[in-house]
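Shared between the two complexes below is chain A, which has chain B as its partner in the first and chain C in the second.
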Partner chain A sequence: MTSETLIFILIYALTLLLSVTEMIPISLAALVGALLTAWFGLSYGLFTYGEAAGFIDMRLIALLVGTMIVVEVAAKSGLFRFLALYAIRAAGGHPQRLFLTLNVTAATVSLFLSDPTAMLLMAAAITTIAKLLDYDPAPYFISAAVMINLGGTSTLIGSASNMIIGVEAGLSFSDFISYLFLCEIALWVLTILTLYFLFRSRLGEKKALPSYDPWEGVENKKVVYRSALILMLLLVLFVVLDRLGVGAEAVALGCAILALAFSGFDPSEIFKRLDWETVFFIAGFFFIVRGLEKTGILASASQQLFQLSGGSQLKAGVLTIWSSGIVSTVVSNIAVSLTFIPVIRGLQGFNLTPIWAALILGTNLGGVATPLSGTVSVMAIGTLKREGIRVSFVEFTKAGAATTLVQLSFATLYLIMRFGLGV
Partner chain B sequence: MAPPILGDLIVPGVNVEAARLTWMTAMLIMVIFLIRALSDALVFADIVTDIIVRRLGIKEERSLKRAARDAIYIIIAILLAQAALPFLASIPNIGGVLAAAVSLIALGFFLLLMYDIGRILYRVIEERAGKVADWFVEVHERVTEKKRK
Partner chain C sequence: MSKWTEWLEARRKRRMATYDETKKEFEKIIGRPTITLTLELPQDLRDLKEEFLSLEKDEKFLRAVEKLAKKYLKQKKEHSKRTNL
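What follows is the complex of A and B.
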C-alpha cells in the first residue's frame, strides 16, 4: 500500500469516526473529508480539477431533493398525521390490535417519509395514545423504530441509501419492487411476530379509546387531497419511468414543482424543512469515496471479495448482505452503500443484480440493531427519556439485535431462492 | 566492573566469584531504579497526556468514545503534517528545519494520544475482566451453597 493510499484511507476513517462520535455534525464531517480529499488528490496528481468537478452525481442529489420536497409538502399538509391517527382509531383500545396497527403504520409512513421524520410522527402518536390508555410506551416506541427502519426497503425512495444504490446501479422503481417487494412484506410479518413475542407481556390491557377526529389537526383538507394526489402521481410515474425515457430525478423534480405550485405553501418554508444535513453528507461522502476509488484500493477490495467468494454468486451475495448489514449497525447506511457501490461494480463475471439486492437489504436492515445504530433508535430512546422512561442499552439491543438477526437470516434465504443463487 | 580489592575472591556457600556477584547486584539496583524512573515518567506522561487531551476538548473520562476521539486527533495530526510538509520544505533556508519540527510535533502528538488510547483500553479490559471474575465467584458461591444444602 502506498503512502498516498494510506492518506485517503485515513481521510475516510476520519470522516467515519467524526460521524460515529458526533463530534461535529455529520454533514460537516463529510464536507471536511471532501475538502481533504480534494486537497491531497490534486496535490498528488491523483485526479484533475475537471475530474473532481464530476465526482458528485447530481442526478442523485436531484432525486433526493425532489422526493424530499414532495414528501415535505405532504407532511406539512397533515396527510401522514391524518393517516396515523385514522389507523390508530381503527385499532380501538385493543393492545394487540393497536400494536399491529402502530407497527404497520410506522412501516407504511416510512415508505415515503425519511426515517427521522417518520419517527417524530410516530413518537407524537404513540405518546398520546400511551397516555390516554395508560400503557407502557417503551415496547411501542422500540417496535416503531424497528419497523420504520424496515419500511421502504423495497422502494427506490424508501431510504437515502436506496436512492444512492438505485441511481448508481441503474435500478428503476419497478426493479426495486420486482426484486424486493415480496421480501419486504414477509419481513414485516416476521418482524412484527418477533417484536410481539418479545413484548407481548408489556402491551397493556384492553381499554376503551376516547373518540377523536383524525381530521382535527388538518388546516386545509384540499391541500391534503392534492398532496396525496401528487404523491400517487410520483409513484405512478416512477413505475412507468422506462416508457417515459427520462430519469427518476426528472420525475421527482417535476412532481416537486407541482407540489410547490398546487399546495399554496411558501416554498421557502418547505426548503427550510428539507433534510439538508443528509444531502450534504451524501455529497461530501460521495466525493471521499470517489477519491478513494482513484487510489485503486476499492478495485483491490473487489478483487478480494471475488477471491473470498471463490467466484461463487451465492458466497458473494451472502458476504455482501451480512458484511453491509453488520457494518450498518455501527456506520451510517449511506456511508456503507457509497463504499460498497464501487466494490460491487468492480466485480467481474458476476450477475450483479442479486448482489445489488443483497446490498440494498444489508444497508437497510442493519440500522436499528443497537441504540447507537442510527438516527431512529437514538430518537426513540431520546423521546422516551423526555417522557421520563429509561430504556437501557441492553433492553433496546435485545429487540434490535434479535429483529436484525431474524431479518438478515430471512433476507439471505430470500435472495438465494429469488435469484436461484447456488443452483 | 568490580572493585579491585575483591580480586579472585569466591563467596563461600554460593560458590560464585565476588566480582560477578557485585556486578549482578549493581545491575539489579540499576534495573530497580530504571523501573522506578519509568514509573515516575509514566506519572508525568499521564499528567501531560491529561492536560493535552483536555486542551483538545476531550471531556470523557475513561470511555471508548474518548479512545475514538484520540484516534480522530491522531489522524488530524498526521493529515495536517502531511499537508503542510511540502510547503514548509520549499521555504528557503529554514524549510528543512521547519519540516523536521512539524514532523516531530506530529510524532509527539501521535505518541501521547496512542499512550492515552492504550491506557483507556487497558482500563476497559481490566474493568471487564473484573466483572467476569466477580461473576465466576458468584457462580462458584451459588454452586457451593447448593451443594451444602
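What follows is the complex of A and C.
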C-alpha cells in the first residue's frame, strides 16, 4: 500500500468516525473530507480537476432534493398527520388493533418522509394516545422506530441510501418494486408479529376512545388533496419512467415544481425545512469515496469479495447482505451504500442484480438494532426520555436486534429464492 | 470543541421543539389540549416583577386559572343556551 493510498484511507476513516460519533456536524465532516480529498488528489495527480468536477452525481442530488420538496409540501399540508389520526381512530381504543394500525402507519409514512421526520410524527401521535388511554408508550415507540426503519425498503425513494444505489446501479423505480416489493410486505408481517410477540403483555387494555374528526387541524383540505395527488403522480411517473425517456431526477424536480406551484406555500418556507445536512453529507462523502476509488483500493476490495465468495453468486449475495447489514447497525447506511457501490461494480463475471438487491436490503435493515444504530433509535429514546420514560439499552436492543436478525435472515432466504442463487 | 457541542445541543433542541409542536397539534384533536396565555405585568405592580414572573411555575396560581377558565366556560355555555331559548 502506498503512502498516497494511506492518506485517502485516513481521510475516509476519519470522516466515518466523525459522522458516527457526531463530534462535529456530519455534513461538515464530509465536506472537509471532500476538500482534503480534492487537495491531495490534485497534488498527487491522482485525478484531474475536470474529473473531480464530475465526481458528485448531480442526478442523485436532483432526485433527492426534488423528492424532499414534494414530501415536505405534503407534510406541511397535514397529510401525514391526517393519516396518523385516521389510524388511531380506526383502532377504536383496542390495544392490539392500535399496535397494528400504528405500526402500519409508521412504515407507510416512512415510505415518503425521512426517517427522523417520520419518527417525530409517530412519537407525537403515540405519546398523545398513550397518555389519553393510560398505556405504556415504550412498546409502541420502539415498534414504530423498527417499522419506520423498515418502511420504504422496496422503493427508489424510500430512503437516501436507496436513491444512491438506484441512481448509481441504474435501477429504476419499477426494478425496485419488481425485485423487492414482495419481500418488503413479508418483512412487514414478520416484523409486526415479532414485535407483537415481544410486547404483547405490555400493550394495555381496551378503553373507550373519544370521538374526533381526523380532518380537524387541517387548515385547507384542498391543499391536502393536491399534495396527495402530486405524490401519487410522482409514483405513477416513476413507474412509467422508461416510456418517458427521462430520468427519475427530472420527474422528481417536475413534481416538486408542481407541488410548490399548487400548494400556495411560500417556497422559501419549504426550502428552509429541507434536510440540507443529508444532501451535503451525501455530496461530500460521494467525493471522498470517488477519491478512494481512484487509489484502486476499492477495486482490490472487489477482488477480495470475489475471492471470499469463491466465484459463487450465492456467497457474494449472502456476504453483501450480512456485511452491509451489520456495518449499518453502527455506521450511517448512506456511507455504507456509497462505499459498497464501487466494490460491487468492480465484481467481474457476476449478475449484479441480486448483489444490488442484497445491498439495498442490508443497508435498510440494519438501522435500529441498538439505541445507537441510527437517528431513528436515538430519537425514539430521546423523546421517551423527554416524556419521563426510561428505556434501557438492553430493552431496546432486545427488540431491535431480534427484529434485525429476523429481517436479515428472511431477506437472505428471499434473495436466494427470488434470484435462484446457488441453483 | 464547545462550538460543536453547542451545535449538537441546538439541533437536539430544534428537533424537540418540532416534536412539542407536533404533539400539541395531536393533543388539540385527540388529547387534552393546552393553551398558552400572555399576561402583562399590571402597571401598578411594577415592584412585584419577580413574583409576577414566578407565577408561570406557581402550581396554586395555575390551578386557580384553570378553575377560572372552567367557571367562565360554564357561564358562557349557560348564557348561550338561554339566548338560544
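Some notes on this structure:
One rule holds in what follows: the second predicted complex is superposed on the first by the 423 of 423 C-alpha atoms of A that agree within 3 Å, B and C clash if a C-alpha of one lies under 4 Å from a C-alpha of the other, contacts with A are read in each partner's own complex, and residues count from 1 in each chain.
The criterion applied here is as follows: a residue touches a chain if its C-beta (ideal position, glycine included) is under 8 Å from a C-beta of that chain, and two chains touch if they have at least 3 such contacts.
In this text, all values refer to a predicted model and were calculated from it rather than measured experimentally.
Once the two complexes are overlaid through chain A, chain B and chain C fit side by side, free of any clash as defined at the top of the document. Of the two partner chains, chain B is the only one touched by A:Trp39; chain C is not.
By the touch criterion defined above, A:Pro210 reaches chain C but does not reach chain B. By the document's definition of touching, both partners, chain B and chain C, reach A:Met23. Of the two partner chains placed by the overlay, only chain C lies in contact with A:Met379; chain B stays clear of it. By the touch criterion stated above, A:Thr127 is placed in contact with chain C alone, chain B being left untouched. If you count the residues of chain A touched by chain B and by chain C, you find the higher number for C.
In the superposition on chain A, A:Ile11 contacts chain B only, with no contact to chain C.
Of the two partner chains placed by superposition, A:Leu405 touches none, neither chain B nor chain C.
The superposition-derived angle at chain A (between chain B and chain C) is 90°, Cα centres, a multiple of 10.
Of the two partner chains placed by superposition, A:Val104 touches none, neither chain B nor chain C. Minimum C-alpha separation, chain B to chain C, in the superposed model: 5 Å. According to the touch criterion, the shared surface of chain A, contacted by chain B in one complex and chain C in the other, consists of residues 23.
Interface of chain A with chain C (complex): residues 22-25, 81, 84-85, 88, 116, 120-121, 123-125, 127-129, 131-132, 209-210, 212-214, 216-217, 379, 382-383, 386. Residue ranges on chain A touching chain B, taken from their complex, read 7, 10-11, 13-14, 17-18, 20-21, 23, 36, 39-40, 43.
Contact residues of chain B toward chain A in the complex are 65, 68-69, 71-72, 75-76, 78-79, 82-83, 86.
Taken in their complex, chain C has these residues touching chain A: 1, 4, 7-8, 12, 15-16, 18-19, 22-23, 25-32.
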